[in-house]
Structure formats: structure tokens, C-alpha cells
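In what follows, chain A forms one complex with chain B and a second complex with chain C.
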Partner chain A sequence: MDKERADKFYAEEGTEPSSELKKVPMKDHGVIEFIVIVAGFLLITPILSTHRVTDFMIFCIFAMSFDLLYGYMGRLSFGQMLFFGTGAYGAGLFIKYVSGNPLLAILIGILVAGLLAMFLGLIIVRTTGACFALINLAFNHIGFFLVLSPLRKITNGEDGFGVSAFNLGFLNFSSRPIMFGFVLFCLLLTFFLLKRLTSSPYGVLIRSIKEDETRVRFLGYNTFLYKWLTFVLSGSLAGMAGTLTALNYNYVNPNAMDVHSNVGVIFACLIGGAGHLYGALVGGVVYMVISNFLPIYIHRWEMFLGFSLLIITFRFRKGVWGYFQGVWKYVLKRKENQALMAKEAIRK
Partner chain B sequence: MLEIKNLDVAYGYAKVLHDVSINIEKGEMAFFIGRNGAGKTTLLKAIIGLLKPQKGSINYQGYDISGISPEELYLRGLRYVAQEKKVFGNLTVRENIEIAAYASHEPLERALDKVVSIYPKLKDFLKTKAGQLSGGQRQILLVGRAFVGDPKLFLIDEPTQGLAAIVIGEIEKILSDLKDRVSAVIVEQNLAMVNRLADRVYILKEGKVAQEITDRSEISDTRKLEEYL
Partner chain C sequence: MIYTIFYGFTIGAILYFISIGLSLTFGTMRIVNFAHTLTYTIGVYALITLIALFKGYFILVAALSILIVIPISYVIERFVIRRLYGESLDYTFIATFAISLIGVDAIKWIWGVNPYPMSDPIGKYLMFWGLSLPIYRIIIIIIAILLFVALNIFFKKTIVGKIVVAALEDKDGVRCLGINVDKYFSIVFMLGSALAALGGVLYAPISSVHPYMGLSILLLSFAVVIVGGMGNLKGTFVSAFALGMVMAITARYWSQGAETMVFIVMAITLIFRPIDI
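Coming up: the complex of A and B.
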């Protein structure tokens, strides 16, 4: 049907968009979310120490980057640490060899991780399922051994190297409260950026790709482009988390790219609930609490993680956040039903 | 509108369509009937670009579209509604329509209104996850969603398969409303519906066009169609 005929049809049928359809009731709880996140991290700071909570927040940024790829687009990667490590090395080497400017170093770290994701994404996003996960793992392995051995003249191999950025006005990254504030700012920036993106048509699209990519192609989309963009964004955010880690520890070594650490971010997303930004935050904090404190009391703490994953798989498939959402929906529904019953009783 | 000449399509070494030639005029509703395995779905998949023909040509609006990707064909006005009634189950009905509106650069309100005007009951389900809809509602959503943008040719695979009689009636009504506004190629086993809606019927047998029927009196005679089958 050509446009003229379509317009005629709608004019004849009198089907101008009704006001009900025009209104999109989107409640934005941005301010409340801002307060909850800031208050949450500030509240746990006196209990866990500033440095540790800063570390937690960096991990949450990393978890959100992974959640975008896995939770929203349905692509499980076993190699997200590659981009985390690239960001850390990018920023660290920039400070070591070029300039001690920490903000420039962060930008360089994100850029290098993003460029690597752009290049590798051209190959990786063509695959799905196990192949996607394993190709990521393979590139992560390559990256790890590159910084460990062939590039050891500049990366200092296994020993790593110190990172000391200079002060930029009040931005003194060796001050823990300043580092805390800066990382919190980055976390909020990442959260609201991703929230905006995932609730936009782009977000709807990547969630559709997660469900059935072929059908998205039937709707006229070049899915490769969107998958690639998501991969690049996810890699860049992981790179940002890496740069912040380099600045937080003033040190970079191959552990920043350790293949085995991928398990942590996968656990965090599963614990919190994949496909929710809050899930990534909750999962990130829960995982960091477990991995930081459990080893003090339990020698083989990783076994506990294994058990917790089993429980999540069988009992809480949507993770902690998904579970709370379910409970909340149940409570609301129950309240609604009670109100209806009360109304009915009054009517009778 | 759509002209297919001497089309051969195979899955590996197994040839499914043999020398298929069809011609569908603008505004026509053509039905393909035939037994299971006759190659009806394969033909639709070849048109939409999911299968590459071994031989022959597929001309749509004067252009050879064989080998063109499904996403490009969508932008040229082809809409494919597959057999499985698969909606994006974790998205709401509104989001299912939104994704089509975004692809075809149609304002969301207008797209929603188009779909809702086809089946007003959907208005009550806009915030519902599409996965919670019944089979019939999903099919209606899929057909309605295909109407978003500027569709020119519908390719619908077994729209009434596995649905209750009452829903089949609703789908038939929607399809009859579409008649004369868009062209359509529909694979269907429900002969009563074919009787009422078809302008042209192709009977496929073992991957070949066994019969082309354009005579209304023959099309509206169920017994006659059964004889051909």
C-alpha cells in the first residue's frame, strides 16, 4: 500500500492515533535511583573501608558492562577480562611512558579497549552460543600471554608495573576519598547511560536479538551492526573498569587480564539477575562481599560459590533482583485484589 | 507484483522445488495449498531470502530479489509471517510493535494505532508480555505488526494452523480487511478460508505447481479444490 493510499485509508477509517496510545506512561525514578545507589555505597563504606568499596564499585561497572552483553543481548562471553585488562594496561602504560595525566590515561584506556572490541567484534559477533563464549575465551588467552611474555619489555611481564598519576587540581587519585568519589561518579554515569540506552528502541532491539535474531532480521534490521555496537560498548565499559582498577591499586599486572577471573563477573550477573542493571549492581556487591570475606572463614570458599550457583540455577533463576521483583509484583497484585474485594463488599 | 520463473530450490542435495513459476498481480491474494512436504514453506523461504535458489528468478516489482537479505526485503515492503507464531515473548506487546515501527521509521503512535485498529482487543494487552498471549492473539499480533510501515506484499505461512475455530474466524476477518490494500501470498490448508479469500490458487505437488486456478467459481468450490489435492 503506497503512502497516499494509506493516508486515504486512515482518513476513511477515522483511525487517527487515539490519545490513549499517544501517552507513554514512563515513570522516571532517576532521582530516587541516584539517592539509593549513592546512599547504598556510602552506608557500607564505614563497615568495609573506602578502598574496598571503591573496588566493589569498579567491579559493579565491570558487571554492568558484562550484563549489557549477556543479560540484555544474550551473548555469554568467557573473555570479558580481555577488555578489562586492556583498559588497565592502556591507562597504566600511558601513565608510565607518555604522561601522568590520570583523566587522559582513563580516556586512552577506554579508547584502546574500545578499539580492540571494534576490531575483534568484527569476527566475534558473527558467532553465537558456545562458539561466541569460546572465541572470547581464546582471545582473552592470547591477550593474557601477550602481556605476560612477548610484550614483557614494556609490560614488565609477570611482575607488572607501578602506576603513579599526577594530581589534577583536587583530583588526587592517591587520596582514597577522592578515588571513591570519582569511581562513584563513573558508576553513576555508566548506570544512567545504560539505563537510557536499554530503555530506548536500541534496548528493545538488543533484547529482541537475545530472543530470536532471525526474526529481528525479518523486521528489517542489520543485526550484525547492533551486535557489534553492543560488543564495542560493553568492551569500552569493561575497559573503563580496568583503567579505574589501575588507578585504584596504582599497579597493573597480568592478573588484570586473567582468564579465570571471568568466572567472577559471570557469577555476579547470575547472582544479581541478568538483564537488570540493578541485578548487576546487587550481584557485583554480593559477589565481592563473598569473595572478600568468605576466604577468612572458609578455606575452600569457591565451593560455596558453586553451591550458591546451584541454588540460583534451580531456585532463583532470575537472581536476587529478579526474585525481589517477583515478590514485589506479588505484593502489589495481592493489594490490588484486596482493594477489589473491599470495593465488592461495600457494593454488596 | 511478484513473478517467479523456473525456480529450483534444494536443501543440500535434496531438491524441494522443481521449476516453479508463478505470477501474482498487485492487490491479489494468492493461496498455496498442498500436502505436507509439497514445498509450500520452502517457496516462502526462498522468496524472503532465507534459501538461495539453485536456478530461476524471483522478480518483485520488476527487480530480481533472489539472494537479497531478509532485512533489505523488509525495507522494500515484504512482510514475512512465519508458521511458528513466534513473537518476542519477553517483550511487551507494545515493544513488539515498537520494534517494527522503529525499523520502518513509522511514528510509534501511528504504528500502535494501525495494529489496534486491526484488532481492538490488543489495546488491553499493550503492557502484557507477548509470551503470555494465546496462540491466536500472537498470530494476530504478528499479522498486525507486519502491517506497520509501508507493506506491499505479505507472505504468511499457515496463519490458522493449530488455532480454535473462533480465532480462525477473527484471522480470516483481518485477512479479508487486508484484501485489496496489499498483495499477499498465503500458505493455507483451511480450504473454506481459501474459498472465501483467494483471487488465485496454486496447488503444489511434490515441489511442482500442479495447478493454477484463477476462476472464481472453481476457487469457491471446496470439493473442486479437494479433488485437485
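Coming up: the complex of A and C.
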């Protein structure tokens, strides 16, 4: 971390960094990543069903939006469902009352969630730690209550309402493969956008905010602005996941904003490994598999979730992806050592 | 209107019982305990089970169910909370949330998901200037005030209380005096859990009983603790009654909006006085 911060610092100041700091830390494997993600999701499609995998991918988008906030900026939110639900309701209501154009509905959903995040972010982002989590939770609760009760006439309360978008050329959202393709496209878009952002100076900055916000402020950055931007971005992406859910199920109900569903995305982020986009992808899939299939075999799956969360907190902090990385690093180091030893042997 | 104020005081009293433990755990251990109202729920379910055995002895049963909660809270403290000292807040959140998930599921396992109806154990009304106030609610308010006085005496006069108050100010300073702070934290945790159970036991007869009852009241008591100041005992007392009043008055005019209004108050408090944790 310190190295990256120093890198950033030197880059800003225009002073010459030492040769080691000049090294670009991230290698670009864009094409390989693209192939791996697409192939990964296509491979699990025949095992599960297309509709399920579409659902998984939407959840992965949601997990990535949460990962940006929690894994990269270090702000744990217990109210990310608010933006998810806002997106879903925004798109759903747009289709129901204004027009059935699905793309426009998605845009509107993202916009509404983003606007809400912009407005609430002004308040929420000022807090940290426990307050951040709790104030998010409070707003999520207020949102849930709003759709459930005072806006009952528009949102149809607990029962929710059906969403039927019309076809837009070949974009027929009621056909499963096309929905699958579209969601995959959105997932890749989100992934590469976030990858680009998190490896840019902005990404370094928000990771520095996670480490020590005061020091970043000492460096002369307006941390409030960056935190707010991240919050808005994360909210909009969560909104996008919400709109896609609404289109995928052709249905919106208050479950999309349920306060208690927040634990799912936190769990997904942690089990995959917070602070890696891959972690969010892996965690999203793992969580969805657990929550979809485990209740069939284990009746008390909430208890299982609780125990696994405890194990993660005490023993397995880096998550699945962090674990893989650790193993990979170990293998690389061992190879290096072997090569060195071989060299030594030759010299002798 | 007098009824509204009266009901506000009752809710405030219940909120006070529950949030005092939350406030103390936060103030001493720097842990935001999502599992706090688990003990509250367990207390209520213990009450339900026991009251079927001993009909008519409400006070005895209530005392027993509070006693049952204490060893459970010790187990939680010993095996989870104690490992979380000094961890970052995220992990304490997640671990305590995990405990509450496990606990709620265990309750569903043992007692089932269906809500239990309970009735007012006294059922009499106090006639007073043409008003009829349920005696049970009056007793709850009196207990809350007595508890406030008792806790004040406990924290000012007894040595355990003094150590805890000192630890609220400066944990390391107390530790430097050669006092095993963790032991006292454990006591504080059990005390807080027992008080939450007391709140549950008193509140159960005038509300509905279901496995998720803890989660909904947890959010309210978080609001109380945040408005009153984390680890501030008098602030918790005042804010519990103030928010209880807010709930009652909102409920009078707009019954669904009661809980939401509390969160709005909490959000406003956080905007004007953010707590840096």
C-alpha cells in the first residue's frame, strides 16, 4: 500500500521516483480475463439453468458494486439494498407508467439510484465505521417502509407489480438466451469499468482512504469528493443490478429492498475476498449456489451461513480469491527458489 | 393525548432496558453488537416456555428467564466477542451479525416460526381522573426509573461500576493499574444482556412474539444509542424516552410511520453531530 501511495505521490509532485517505484504494478490481461469470465459463466449454464445463471450474474454485478464500497474504500454498508431496490422500482415504475422501452427503463433505473446516492451520499459519506453502516441501514429501512406503505398506491405495497417491457428489435427480454447475453454484457461492462477505475490513480486514492483517510487529506486531496464519487458510482451500479433483476423476473416487489437481504451481499463479498473484483465474482457465484441449493439439502441454512461467516471472520479473512492468490504466490516463489538453487548448483 | 404520552413513556422504558447494554458494550469494548437483542428474544421465548409450566407466577418466571439468558450471554462473550477486541469494526459487525443469524435460526428450530400470542399478566386498569391506565405499563415505567437510579448508584458507588466507568474513559489506563479489564467487560456484557432480557420479558406481553422480533427492535435501540451518544449512560436514558415519545406521537397520527420517524431523527442527529468511530 505504502508503495502505491508513494508512487501516486511522486507522480503528482513530478519528482523522479526511484526505478523500483516506477514499475507498473498491474499487468493488463484484458483479453484473457474476458475469455475466462465468459467461458466460466457459459460453462456453468448447462449444469444450472440459463435463468439461474442470469440471476447469478446480476448478483455478481451487485456484489461488485458493494465491493467497490467495502473492499476498495473500506466502508461497510448495511444498506446497499436500498439502491438495488431503487433501481428495480425505478425501472419497473417507468415501464408500468411511462413506456415499455427496456433500455430506457434501465437507464432511468440507474439514474434514479444514482441521484438518490448523490443526495444521500452528501449526508452518509461524512460518517465512517459504525455510523456509516447504521445510517445506511436506517435509510434502507426508510426506503423499504416508503415502498411498502405511503407509496402503496403507486407500488402496490407488499404484492408488487408485474413488469413487461416490449421488444426492442432483437432485444427481446422475455427470451432467456437474450436476457443472458445482455446481462453478461452488462457484467463485462461493469467489470472492465471497475477494473479500469480501480487500477487508475483514483483507485489508488480510494484504497489509500481505506488505509488512512487523514493522511490522504494531508496530501491535499479532497477526500470527501472521492468518497462521494465512489458512493454514487457504487449506488448506480447497484441500481443497474436492480433494474436487471426487475427485467429478469418481470416482477418487482418490496423484497428487492429488504433490509435483511444485505447480509447476502456482505457474505458474498467476504467469502470471495473483499478488495478484488474477481473476489466479488467468485463470491457472488458461491453465495448464489449456497443460497439456491443448500436449502434443499440443509434445512437450517441460515445457521450454516452464520457459522461460515464466523469462520470467515476468524480464520479465512482473505476469502476464496485471496486464498488462491496466496497459493499462486507461494508456487511462484518456490519456482524462483528452485531456479536460484539450480543456478547455484551449476555455478558450483 | 395523555394516553399517547403514557404509551410513549412505556416504549421509552423498554427501549432504555435494551439499549443500555448496547451502549455499555460499545463504550467499553468498542464493539457494535448485532447479537445484543438475541438475548432479548431468548429471554422472551424462555418466558413463554416457562409460563406454560408455572401458570400465574409471572414474576418468578420472568426472573428465571432472565437468569437463563446470563449463561448464554457468557458463552457468546467468551467465544466470540472476546476474540474481537481491537479488531476493525467491520469484522465485529459481521461476527456479531453471524451470531444473531445462528441464534434466530436456533429459535426457529426449537420454537417454530409462528408468532405466539401473550396477554397482559395483570390486566387491571388504574382509574385516575377519568383516565384508565393499564397498571402493567405503569409498573414498566416505574421499573425503568428505578433501574436508572440503581445503575447510577452501581456506577458511582461500587468498585465494579467504578472500574467500568474508568474503562469507558480510558481502557489502557485501567489496564495499567493491574486490573483485568476483560473480566469486567465480561460482567458488563452479561449485565447488558440480562437487562435486554428484562426488557424483552416486560415487553412481550404487550407486543407480539416471533423469532425476528429482536432484529426490528435492535434497529430502534441502535437509534437510541446513537442519539444518546455511545457509552453515555444518562444520554441513553434521555434519548430512549425522547424516542419513545417520538414513536408514540407519530403512531397517533400516522401509525405505520412510527419506526421510520425514529430513523429520521437518528439521521438528523448523525448529520449534525457525526460520531467518529
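Convention: the second predicted complex is superposed on the first by the 322 of 348 C-alpha atoms of A that agree within 3 Å, B and C clash if a C-alpha of one lies under 4 Å from a C-alpha of the other, contacts with A are read in each partner's own complex, and residues count from 1 in each chain.
The rule is simple: a contact is a pair of C-beta atoms (placed from the backbone, for glycine too) under 8 Å apart; a residue touches a chain by one contact, two chains touch by 3 or more.
The model shown is predicted, which means the values in this text are computed figures rather than measured ones.
With both structures placed on the common chain, the touch criterion links A:L305 to chain C but leaves chain B unconnected. In the overlay built on the shared chain, the residue A:C269 is in contact with neither chain B nor chain C.
In the superposed pair of complexes, A:T127 makes contact with chain C only, with no contact to chain B.
In the superposition on chain A, contact is made by A:D212 with chain B only, not with chain C. In the superposition on chain A, A:Y221 makes contact with chain B only, not with chain C. After overlaying the two complexes on the shared chain, residue contacts for A:A165 are found with neither chain B nor chain C.
By the touch criterion defined above, A:F139 reaches chain C but does not reach chain B. The intersection of chain A residues touching chain B with those touching chain C, taken from the two complexes, is empty. Those residues of chain C whose C-beta lies close enough to touch chain A in the complex are 26, 32, 80, 83, 89-91, 93-95, 97-102, 104-106, 108-109, 215, 219, 222-223, 226, 256-257, 259-260, 263-264, 266-267, 270-271, 274-277. Remark: chain A residues 70, 74, 76, 78, 123, 126-131, 133-135, 137-139, 141-142, 145-146, 148-150, 260, 263, 266, 270, 300, 302-303, 305-307, 309-310, 312-314, 317 touch chain C in the complex. On the chain A side of its complex with chain B, the touching residues are 1-3, 5-6, 9, 13, 15-18, 20-22, 24, 201, 204-205, 207-208, 210-212, 214-223. Considering their complex, residues 48, 50, 69-72, 74-75, 80, 82, 86, 88-91, 95, 98-100, 102-104, 107-110, 112-114, 116-117, 123, 126, 149-152, 181-182 of chain B touch chain A.
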